[in-house]
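So, here come the structures, one by one.
Each of the next two complexes has subunit A plus one more chain, namely subunit B in the first and subunit C in the second.
What follows is the complex of A and B.
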């Protein structure tokens, strides 16, 4: 046993958008190149005719998962609370939505659903009888800028401690352990008018754990006549949680699965073939998860591609290679 | 998201009916990482060769169905009909005489309503070749 590796097919979204990889090619890549079995999906990205897929789609899904001997770990579900043009969805409408998604997850063989950070706990509690009946756990995503030791986490922990339910838990996103702005987004800012000097100031502000206003002040003081693009870099600071990796150890019993968020895997200096994401602290987080006895999945969630879509096709990110590098790192840190 | 790529260069052409050109079409993709209900479209606006297309002349075709564009914007449009991620949505402009074969400048503004971020406004401008 030990920590397991998987991939959220979110990572291959661009390949899907440009029709270069279909569902089969994505699953085959995870099995044959990454040598692992964990699959996570975004319902509205992967499931044709969501929320009512055809039997043909569902049969084909199961055939693919069987062919490559894969495990359906987590299905990421949404609510689109603004889908009705004339009103914001009520909590009851949200629960109805979630209940439908839980049934769909079960139909596709998923063990868990991931709810967004913004989903109120009472909506999850309304869906709890369905989750129990269909044996699907619900995990609330803990996503930056929310911290790993904040209210979103404590209210789940308290509820679980009080009720002993196994069907509500956490899906931490590795982005909460991000300590620097990701490089692709900084490169994007520099292509759109920000100066390298402002970028360096903002990186420094992050390492000093400044807040957005303080970072903005540092840019104003450090640069003569800063542009709007320079000043907007301060928002990067707002997006960081500054969470402490050690804090995840005690949360292990509540974790449903983990989003392995990353933006860019670069070779570690002096270590050919070994890669890291320079903006997220994976090493200390995985060490803490091991100490806590975590045996669930970390599913790669590559998000660097979105900062490289402002130029021509020749500049698009290589999602497949990025995920391969991510799994080199995961396997090494897990100690497979 | 995907702004530069939401206006595809595939399938741009005049539409013929009984030997006459009755309109033309372009194919667009969603500006997001997942599909959304068609009811989450706030606006599809087209400019062709600098001229704004009248939205009342637009039809939308997707996943085997056709809708009047203006119907998408009504309060009671169903919420379980999705714009499939990565799949083309064809916008048909009804116009007598269609469009002249050859290259035209097309400008698209696409606004989609999101859950946890503000409405995403994407623009894409391309020279497209029409058949």
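What follows is the complex of A and C.
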């Protein structure tokens, strides 16, 4: 046993957008290149005709998962509160959507659904009987800028401790352990009017654990006549939660699965063939997860592509290669 | 995201009805990483050669159905615009566009969400006018394209 590796097909969103990889190619890549079995999906990315896919889609899904001997780990579901347009959805209506999503997840063989950070706990509680009936666990995503030791986490932990339910838990996103703005987004900002000086100031502000206002002040003080693009970099600081990796150890019993968020895998200096994401602390986090005895899945969630789509096709990121590098790192840190 | 790829470059064409050119159309993609519930689709900011064409003169074609207005789409609560499908945006303009290259400034508006927001009640009463960045999802900047009208 030990920590398991998987991939959220979110990582291949660009390949899918340009119709260069279909569902089969994505699943095949995970099995044959990454040599693992964990699959996570974004419901509305992968499932044609959500929320009511055809039997043909569902049959094809199962055939693919069987062919490559894969495991449907987590399905990420959403809460569009303006769906009915003439009123804001009530908590009951949000629960109704979640209940439908849980049934759909079960139909596709998923063990878990990921609820968004912003889903109120009482909505999840309303869906709990369905989750139990269909044997699908609900995990609330803990996503930056929320911290790993904040209220979002403590209210889940308290509820689970009180009720002993197995069907509510956490899906931490590795982005909560990000300590620097990701490089692709900074490069995007520099192509759109930000100066390198402002970028360096913001990185420094992050390492000093400053907040957004303080970072903005540092830009104002450090640069003569900063542009709007320079000042908007301060928002990068707002998105960091400065969480302490050690804090995840005690949360292990509550974790449903983990989003392996990353932005850019670069070769570690002096270590050919070994890669890291320079903005996220994976090493300490995985060490803490091991210490806590975590045996669930970390599913790669590559997000660097979106900052490289403002130029020609030749500048697009290579999602397949990025995920392969991510799995080199995961396997090495897990100690496979 | 997908900044440069939201309009298919060879898709700009005039629309002919009963022998008369009544407007133009173009193939568009979702500016997000997931498919979208159709009711949330709130129209486009589209400015061609300096002229803005508001939501009221736009229609949207998807899922093999005839083009629909954005008022009509509002009640499509369970119909999905699948992530990797192209939709067609129709814009009414008597006489259409001239052949040649056009400058198109473009932003999509889809009122999807990650949960409750302070703007919810206001957007029920007065949906944002596309172009403000509201509802622009993961591509909150207006993107400028140079596109040739092919027919």
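Brief remarks on what is shown
Here is the rule we use: the second predicted complex is superposed on the first by the 336 of 336 C-alpha atoms of A that agree within 3 Å, B and C clash if a C-alpha of one lies under 4 Å from a C-alpha of the other, contacts with A are read in each partner's own complex, and residues count from 1 in each chain.
Simple rule for what comes next: contacts are C-beta pairs under 8 Å (C-beta built on N, C-alpha and C of every residue); 3 or more make two chains touch, one makes a residue touch a chain.
What you are looking at is a predicted structure, and each value in this text was computed from that prediction instead of being measured.
Partners subunit B and subunit C clash in the overlay (superposition on subunit A).
Judged by the touch definition given at the top, the superposed model places A:265 against neither subunit B nor subunit C.
Ranking subunit B and subunit C by residues of subunit A touched puts C first. In the superposed model, A:52 lies in contact with both subunit B and subunit C.
Touch criterion met: A:116 reaches subunit B and subunit C at once. Residue contacts after overlaying the shared chain place A:75 against neither subunit B nor subunit C. By the document's definition of touching, neither partner reaches A:251: not subunit B, not subunit C. By the touch criterion defined above, A:95 reaches neither subunit B nor subunit C. When the two complexes are laid over each other on chain A, subunit A has residues 10, 13, 16-19, 42-45, 48-52, 78-86, 116-118, 306, 309-312 in contact with both subunit B and subunit C. By the touch criterion given at the top, residues 10, 13, 16-19, 42-52, 78-88, 116-119, 192, 305-307, 309-312 of subunit A touch subunit C in their complex. Within the complex formed with subunit A, the residues of subunit B that make contact are 1-5, 29, 33-37, 39-40, 63, 73-75, 77, 79-80, 82, 84-86, 113-116.
Per the touch definition, subunit C reaches subunit A in the complex via residues 1-5, 29, 33-37, 39-40, 74-75, 77-78, 80, 82-84, 111-117, 120-121, 123-124, 138, 141. Contacts from subunit A toward subunit B in the complex involve residues 10, 13, 16-19, 42-45, 48-52, 78-86, 116-118, 306, 309-312.
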